[in-house]
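Which chain is which? They are A, B, C and D, in the order written, and residues in each are numbered from 1.
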Amino acid sequence: MNKKKIINDPVYGFINIPSELVFDLISHPYFQRLRYIKQLGMTHLVYPGALHTRFHHALGAMHLMSLAIEVLRGKGQEVTKVEEEAATIAILLHDIGHGPFSHALEHTLVNGIHHEDLSMLIMEKLNVEFEGRLTSAIAVFKGDCQKKFLHQLISSQLDLDRMDYLNRDSFFTGVTEGVISFDRIIKMFNVVDDNLVVEEKGIYSIENFLISRRLMYWQVYLHKTVIAGEQLLVKILERARELALKGVKLFATPALQHFLSNRINVIDFFEQELHLQQFMELDDQDIFASIKVWQDHPDAILARLCKMLTTRNLYKIEITNEAPDESRIALLKESVGVVLNISKEEVRYFVFEDVIRNRAYNAGSSNIYILLKNNTLIDIAKASDLSNLESLDKTVKKYILCYPRII
Amino acid sequence: MNKKKIINDPVYGFINIPSELVFDLISHPYFQRLRYIKQLGMTHLVYPGALHTRFHHALGAMHLMSLAIEVLRGKGQEVTKVEEEAATIAILLHDIGHGPFSHALEHTLVNGIHHEDLSMLIMEKLNVEFEGRLTSAIAVFKGDCQKKFLHQLISSQLDLDRMDYLNRDSFFTGVTEGVISFDRIIKMFNVVDDNLVVEEKGIYSIENFLISRRLMYWQVYLHKTVIAGEQLLVKILERARELALKGVKLFATPALQHFLSNRINVIDFFEQELHLQQFMELDDQDIFASIKVWQDHPDAILARLCKMLTTRNLYKIEITNEAPDESRIALLKESVGVVLNISKEEVRYFVFEDVIRNRAYNAGSSNIYILLKNNTLIDIAKASDLSNLESLDKTVKKYILCYPRII
Amino acid sequence: MNKKKIINDPVYGFINIPSELVFDLISHPYFQRLRYIKQLGMTHLVYPGALHTRFHHALGAMHLMSLAIEVLRGKGQEVTKVEEEAATIAILLHDIGHGPFSHALEHTLVNGIHHEDLSMLIMEKLNVEFEGRLTSAIAVFKGDCQKKFLHQLISSQLDLDRMDYLNRDSFFTGVTEGVISFDRIIKMFNVVDDNLVVEEKGIYSIENFLISRRLMYWQVYLHKTVIAGEQLLVKILERARELALKGVKLFATPALQHFLSNRINVIDFFEQELHLQQFMELDDQDIFASIKVWQDHPDAILARLCKMLTTRNLYKIEITNEAPDESRIALLKESVGVVLNISKEEVRYFVFEDVIRNRAYNAGSSNIYILLKNNTLIDIAKASDLSNLESLDKTVKKYILCYPRII
Amino acid sequence: MNKKKIINDPVYGFINIPSELVFDLISHPYFQRLRYIKQLGMTHLVYPGALHTRFHHALGAMHLMSLAIEVLRGKGQEVTKVEEEAATIAILLHDIGHGPFSHALEHTLVNGIHHEDLSMLIMEKLNVEFEGRLTSAIAVFKGDCQKKFLHQLISSQLDLDRMDYLNRDSFFTGVTEGVISFDRIIKMFNVVDDNLVVEEKGIYSIENFLISRRLMYWQVYLHKTVIAGEQLLVKILERARELALKGVKLFATPALQHFLSNRINVIDFFEQELHLQQFMELDDQDIFASIKVWQDHPDAILARLCKMLTTRNLYKIEITNEAPDESRIALLKESVGVVLNISKEEVRYFVFEDVIRNRAYNAGSSNIYILLKNNTLIDIAKASDLSNLESLDKTVKKYILCYPRII
């Protein structure tokens, strides 16, 4: 079979699959499974185009890696064929550990298990299966490689992961303000003392990149309705698991059943292969197909929560800069308890608070350096004419309060 | 609740929801369910961006309706507020009867039941629920209305349905050649003797529209791998149903179970509400979540077929202008039988033929008329300088032959 | 003749000419002349696509006006047909007073005459010609109208002029970071107490608009090479005029000759029709066709400057935050004097300083107000989560130093 | 000076200047002059965005060459660095011989002198100036090189010249139907027996390319108003020259004066360097700046024609499949003679016929070959499913009749 394929991508036009090994990794069930895990979870409830998957994102990030390496080579930076393949595979697999609706799941069914750890675990497993041919890729992924800048292309404040997801999320949501000039930024990449830097002429593009990312946070990732949808999913899974652990019968696909009925921690994952096996069977469809069935479950709370989701009758949500008033919350809880005729304890499924945070630029961690024409390096936050970027370093914290629309 | 919403659409920018009734229809579970039915079924196996849904398409077609009516009014064609809402609802609901993977399902689980009939049935049901407020919309949908051109906007060779799906499919697949100038075509719309026509200046845009549609057929809708995926799905559902009817136990979501275990014809649908109820619970996720489980089913044929799908190890497919050689087929069947160790009868799941057809312009049915400057009408096929469009009227028939890659 | 035309615009798709009067204004030689005045002057020396004209920009801004009025009407704001036409014409003609390379000309040939004054003068003249039918438009343009928000759509920190030029300049330069979500911003327009405001949901789009505008300033409008080109043009025109006023013979088109050989101030313009007549004959082509001829002029300075332009051998330019060192300038002047064998006085054509300034948001003048959900108004600079916008209010001042590449 | 520049192009994003020699050629006055020669002449009278120049087109075609060579190398086709630079320069300079408004000028001032001949002449001259470093490029341009396919990339029915101008003209006019999938076509390029061919999977893209090109002809290049504008320009130049040769005094830039007052044939061009020198000074601005002055020329015919152009009061034009009726023409001529009070002989400036032709695919000359999967070659016209492409081979001939709008 010809494994030098070209894939149509509405974002970049065409994506090349550069080698047979990469082709075989893409064909692996672990990677094909990402076809059924949406990049933005419940966001399509607000932006109906946002159905793109982690599969597509991983391919896109891989494409950007090939552009970046071409640019760096053009500037005299040596990158061997082996290093290129390692970096390519590392970025291709950087999100392989994601499960469906990661944020929701990581707070419920696979509590405390970060997708980064699973990515690592899976890459190790694949390395065995592919007879050690992923060893260099894993080194790049971990940052244990000779060329640190290759790792920075995968994980830093200016990595190709972010660059692709901003492009892709902006494209599929239709939020044009998120558009960044990734091609210009990549053309301005350079390497100084083994560190990825951006040449001076790219400074406005970097500013725009940081501002766009911030805008995408508030307009898309932390959009009210998106949060309302995700919170609802969390509550559904919490309730379902509560029932399952009590022994109540629940319809579920086998993979979902596995995680509903067992308490699995990160050590279990590493010690018993079965858990990873089941996790690799799980995707968005298991969750949602089961939720549809639960609409008619005898447990009134579970049924109500599921119906809220399928009919898109989500929580009403308030986002504020100050913590919401305690007495107001108490009142809300009481009313909801009465209206729904549920216990005080059960009200927590319907009325609750949470906190969201965002920081557009983190001046303390893997800063973005600008290479001035006089060959000195300067932090982007200081290179800028204005104090904009210093202010982006502040963490914005907001409070959310959710309650049902019935009251 | 404010029901005058604006929806972000990467294809058109923004879509307005024009009225409360429309908002309520969109919120109805029957319509929300279209969020989980992909417009292009298995096409994302080839074009990973093609995950857009019938939900999004219906909204897009509705948007085009508002543009078209604005243009026609601007040319002095009266369209009352009531007629506008009727046309808007009619196009919004024109595909409401679609189930998941329509083509595959219509050949297996709901054999002989066309989605058009179900659309009609569902609209009638909604009309009851909405106390008769859909009566005019149904009239427009059926063509029983006073203004025939409104019906033609919904269903003709130049309808807004086609216009939106070409735009949308082209956008999400990244097949830029499918781009049509829908805004130019709509600006050239006019009405003569109650018929929708296109002004002479739009003639090249119409030609381009027909050619683009043909290109999309061969490059996307009838793409080899897309057909291979759809055929595989048909065979999986055939096998699953064969087993289910024999009484073999199969995991399935309740809605899917209903259609696997019962033989339901179109009359049953109209007579017993239960079938429609179950159908309204069914979406892409039920099918695919179940298929994933069937990979480990004791029935070797079902398990193999399902594994072929989840690992994207699809049939090898040959598309030819002449029927494939009978003796070659016989040989293929024999080899596959031996290799898979299955009976002659069972080989039909792995080696089989079919026929595909496409006609870009059908000169005999609701032709496209061009309004010349001298106010006469002429068929597009005759208005064109070249014989292109006459040739588009020919039905292209091709033969397909499928067999597994194992041999 | 059918005057209800549609114009293709690559930026917005199509632009409608809404009325006969507008059609006749567009056909007027004063307006047609804008076809030959580039929106961005010498910018095409850096961004070769930036050839779009003031003609195209005026049509684009007019298109945005029709969108804005539609949105405001949809929110219950009354705008009569007469007011709509007035606003349409006012924005169409807002830049009619621009001459070729406005910034350069306003510092040389028509020194001290602002294009805004000429726009007003021309509109008055057209009003006579069109028998008073522009009276309301002039009132809107001046802000003397009943509905102040109509004037704000034409001239304020959020006017449609800026919105179109950002869109258009971004499109034709290919600087994608300049992309703004004009359609979203316009959809968020509202009117409170006769003031144009933006609804709360549009806040991130406004931030993005201000940031994009700033980016366009530094990346395009104040790009080094663009400034170098404009400065060169200023020096050429200064020298040519110096010679002309001395009586030296110079090739020039008659209109250019008029401005080279006469000292005309703003009062002359208003008192003697001849000057405006000649000005209305002048466009980019007069300037550039004459400069090409001057390459062979006997005056060595003029000839050298012109050759620098036609061969794109522009000044070397340094942009700094601090004023450049005086002694360095003295040294540069001396060397250039020696190399070119010119007098100390003449060196000012080749070595000189200047200052550029930019302020992205001016918190003191026609501020942008956000309409919160609780119906209160708040300044955008205060509504924002971060201090970004406060910092945008600072005027950034930079020093430029120009000298020829020969040394 | 750093000569490895990147140029922003709204069509392709960024264009790299690959070498110092290429940089120096682009900087040469002969090439810089193309900045002031519009690719589409008078087309901007209809499509106001169509102001892009031959300068930009040449850079774009050069960019496509780099993509094409990269693809061919990736398929194992050797292209040496030297050959690459030769092909790059050949395509960069392929249109260097164009003057302003080529079609109009080639029928008037430089009658019988084809721009291809001038391109050759100029390349030879540049080769002398660059000390023989263009020798290989000239060989590729002429087709005298070892690798014929390199020449075919520059000049054939599928050359990169056409590909860029379709992309670019479609982009700047806003005629989206002209969009072609150039990147897909280029990715499908291959070389068989030293001939450029397209792989089978690219067949629909090629069809679309041919159809789009045809559409662009009728919708843009041969648009009524475009033709009317060009015809008017021809008549203006004819009249001006008639006057100049009679000794009547006419304002003109020196370069234009040269061609108005001398009868120069192709041999003169090759024998006397002066003519080329003058031609290299001529651009769109000379023509138009002079025409503006001629509006007030004492010759009533010249003045009227020029005013028609500057006020966009173009000829009325009829395009028909049959030759227009002789008696009608006679009548038109008579009326115009009377109305304008001009002689029978002079009427030819206002009433006249012409013929236009277009053939989308020329089956007899450098055909486009498709490389089938079985490694045989087949002409595109035969590879296609439908007879479309055969019909595209027919030359479409149309008659045009022009007369002023005054009658």
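Here is the rule we go by: a residue touches a chain if its C-beta (ideal position, glycine included) is under 8 Å from a C-beta of that chain, and two chains touch if they have at least 3 such contacts.
All values derive from a computational prediction rather than experimental measurement.
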Label of the chain whose CA centroid is most distant from the centroid of chain D: A
Pair exhibiting more inter-chain C-beta contacts, C-D or B-D: C-D
Between chain B and chain D, centroid-to-centroid distance (C-alpha), Å: 43
Computed distance of Cα centres, chain C from chain B, in Å: 50
Whole-Å gap between the CA centroids of chain C and chain D: 32
Residue list for chain B, restricted to those that touch at least two other chains: 13, 175, 184
Residue numbers on chain C that touch chain B, as the complex places them: 6, 13-14, 183-184, 187
Sites on chain A touched by chain B in the complex: 1, 7-11, 13, 27, 29, 32, 35-36, 44, 46-49, 51-53, 55-56, 59, 171-175, 251, 253-255, 281, 283-286, 288-289, 292-293, 310-312, 405
Parts of chain D lying in touch with chain B, wherever the complex brings them together: 175-177, 179-181, 184, 204-205, 207-208, 211-212, 214-215, 218-219, 321, 385-388, 391-392, 394, 396
